[in-house]
Amino acid sequence: MGYEISLLTIMGISVIGALSLNMILGFCGQISLGHAAFLGIGAYTSAMLTKAGIPFLLALPAAMLLSGLIGVIVGFSSLRVRHDFLAITTMGVSFLFTGLVRKQEFLGGEMGIAAIPDPGYGKVGFMLFVFAMAIALTIFSLYIKRSWMGFTFDTVADDEDTATLLGVNVSGYKLMAFALGTAFAGLAGALYAHNVKFIDPESFGFIESITILSMVVIGGTGSVWGVISAAVVLSVFPLWFQFIDDYKLLVYGGLLCAVMLLSPDGISSLVVKLFNKIFKREKVIHVNT
Amino acid sequence: MLTLNNITVDFGGVKAVDNVSFSFQDRELLGLIGPNGAGKTTMMKVITGTVKPTSGSVTLDNTNLNGKAPYLRIRAGIGISQQIVHPFNSMTVLENVTFAAGYIKTNHLFSSLFQTNRTAEKKAAVKLLEILGIADVADAKPENLPLGYIKRLELARALALKPKLLLLDEPLAGLNQSEAEKLSNTLQVLNQQGQNIILIEHNLAEVVRICQRLVVIDNGKKIGEGDPKTVMNDPVVRTAYLGRS
Amino acid sequence: MLFIDLILQGLIQGGVYALIAIGLTLVYGLLRILHIAHAGLYALGGYCALFITEATGSFSLAIVGSMIIVGIVGMAVYRLFYQPILDKPPVVALIVSIGLFIAMEELYRIFFGANGLSYTAAPLQGTIEFYGIYIRQSEIVSLILAFVLISGLSLFTKYTRIGIAWRATVTDPVMAESFGVDVLKVRYLNFFIGSMMAAAAGSMVGLTNNLVEPTMGSIPSYKALAIIVLGGLGNVRGTLIAALAIGLAESFGTIYLGDFFDRDSIAFAFLIIVLMIKPKGLFTKE
């Protein structure tokens, strides 16, 4: 039973992480290859605060706040550069994070931080807490999509120059997406820290950023249910079968290639297409020439 | 209501716009014409703020727009439709216009989060689509629609902003004659109903027909201004157009 | 003397970076794709050189063999992974490339071991000393090889018909095509040349460190990305200058900033600062 609880907890944390990146990449169309750094900020913040005696329920929002703040700063880069350049810049953020943290003794340097305090809910209690957070974020994500903020994000992701000419404060909305996405990444990171009780700079490096990116991209960028499904499967799949764990990254890499080559909008769009084929007939639009 | 004072745009030695001034009176349908490459689109970009003039100023309702970001100028009341169409391809035609219609709701970052209702905007959008005769493609995605439809979508989107001043960059380009006539009739009607319009256009027949006043640009300089008949008979203007290949 | 040593190290490292970065910038210039999988080809070069040397005892043969093999693999990568998605938005190619790169690293790990392989009798391990500075033979060869290959490329694009056609296509594909240039052939050539140079770099680095391991491509290639952005995506000359600049920056930076940053982040810190000041890179495309 204990093993299953661990799996579910990890699953929940991955869902939160993936949904947080989905806000930046999926909703607002800003490519971020450095997302794990923000999980890292959340993790380290919560770890340090709770080790200093601050209660878990206070450390958590503090972690989110710091991640969000630094996220906004990084978000400013998206105002200067786009697409490929933004990809490389955010990749750089990932490396800067690990590079900086490795060298700071007060953060544990290369050895990381161990013996992170347990929040005191017990294994099942913590899992339920994580689930509650994941569900809350899911609801929030779905809500954003339906709101005018989500509508505006769509236009920014689609064509930000045209959005500007329709009166949209593109810079503001991009920063908002980064703020929200990175704050929730901080949440995921903090939960991760208190789950495994040990963190080091390598836990939040470029490969981890790509892992989270995979969940969003394979699931279907922007599709909340697609991202959740992909996060659930990809996070737990390698742990179910121990021997697969060794091939985990190979599978991630292969899947990324396969999905991009075959269905770039992710698996969720494949599912939607299939659904439409079976259950609905194509709506035919006639154009008067 | 809109004044351009001594606008010059210098692109590293090449003067795309050279000391052009003109003003727009309330309720006008003003035509901005000139041969290809004369600087008309650059002028429009100066008004929207996408291009910074090397010197000169743009004033809207006595407010100097210099330094104001493009999105703020749109919010100040300028609606535009671009020469090269840019519909949001990820949304349907109706959604494109609905979004523009919701401009009040998207104004403040935080308040946009708390608004979810799109009913009123959808209604307004449908009305606009009907006025422009493209209501039948409301649920289609712009990607595969013919140019005539997308041009009207651009116009509907701009109108949804309820702009004080509508700037149209070659809305008739790429349309066949009957489409162009229909669209310019619509513009005329809108203007008669009170919509301020500046029309950049190459289709001289329609421009002369519907505009009350013309400003002519050639090689970045203003070479004529006045009512259509007088302007088109001006030898300077005629040479500019005809003396070109 | 420390100063000269730092400069020399900087140039040697810069030469390696240049060999990697040129391949990257060539692909970007031609196809607008960030070819991250290039890192995997670099590592493949290291592995090939090692296997060929172990099998034949000749490192010269190994270098040539490695360059040719990886050149061909590079062309296959284009055909299998990039050609099918050229019409999609660039982010798709970026992610395919990342996926491919991760898969390649993992394959190396699974087949050749995570700890890497070493030469049983590594050639060129001797050290040369002059004026108090010690350089390894392999490092000198590395520098010379970089110089030869890059000059060779330059001459190729100036004086051979194929080279000229290729350069024209990289600068202006549409124009070149209207002149009858076979764009497909140019693309293959592009990938061959870039991959071949990466293989040379990988071979030399594998030899100098006497270690070829699965992740050896990661760090240098991420840096190469930073370099091509600095040099101006698609701009070969700018890339070369940027590569040497980064090599030198790291060399000196490690001494002076080493307490705060680790060596590898220096390139990225440099990049981010420059990009924020000049969002199009230090040089824009010629």
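Chains here go by letter, A, B and C, matching the order in which they are written, and residues are numbered from 1 within each.
Criterion: contacts are C-beta pairs under 8 Å (C-beta built on N, C-alpha and C of every residue); 3 or more make two chains touch, one makes a residue touch a chain.
Only a predicted model underlies this, so the values are computations on that prediction, with no experimental measurement involved.
Novice: From the Cα centroids, identify the chain that ends up most central relative to all protein Cα atoms.
Specialist: Central chain is A.
Novice: Farthest from chain A by Cα centre, which chain is it? Let me know.
Specialist: Farthest from chain A by mean C-alpha position: B.
Novice: For the chain pairs A-C and A-B, which is connected through the larger number of C-beta pairs in contact?
Specialist: A-C
Novice: Averaging only over C-alpha atoms, locate the centres of chain B and chain C and give their separation in whole Å.
Specialist: 49
Novice: Determine the centre-to-centre distance between chain A and chain B, using the mean Cα coordinates as centres, and give it in whole Å.
Specialist: The mean C-alpha positions of chain A and chain B differ by 41 Å.
Novice: Report the inter-centroid distance (CA atoms only) between chain A and chain C in whole Å.
Specialist: Chain centres of chain A and chain C, defined by C-alpha means, are spaced 31 Å apart.
Novice: In chain A, what residues contact two or more other chains?
Specialist: As it turns out, chain A has no residue touching two or more other chains.
Novice: For chain A, which residues are in contact with chain B within the complex?
Specialist: For this pair, the touching residues of chain A are 143-144, 146-149, 151-152, 154-155, 157-159, 161-162, 164-170, 172-173, 176, 283, 285-289.
Novice: Please output the residues of chain C touching chain A within their complex, sorted ascending.
Specialist: The contact residues of chain C facing chain A are 28, 32, 34, 81, 84-85, 88-96, 98-107, 110, 218, 222, 225-226, 229, 233, 259-262, 264-265, 268-269, 271-272, 275-276, 279.
Novice: So in the complex, the part of chain B that touches chain A is made up of which residues?
Specialist: 48, 50, 70-71, 74-75, 80, 82, 86, 88-91, 99-100, 102-103, 105-107, 109, 112-116, 118, 136-137, 139-140, 145-146, 149, 157, 161
Novice: If you look only at chain A, which of its residues touch chain C in the complex?
Specialist: Residues in contact with chain C: 31, 77, 80-81, 83-85, 87-89, 91-93, 95-96, 98-100, 102-103, 206-207, 210, 213-214, 217, 246-247, 249-250, 252-258, 260-261, 264.
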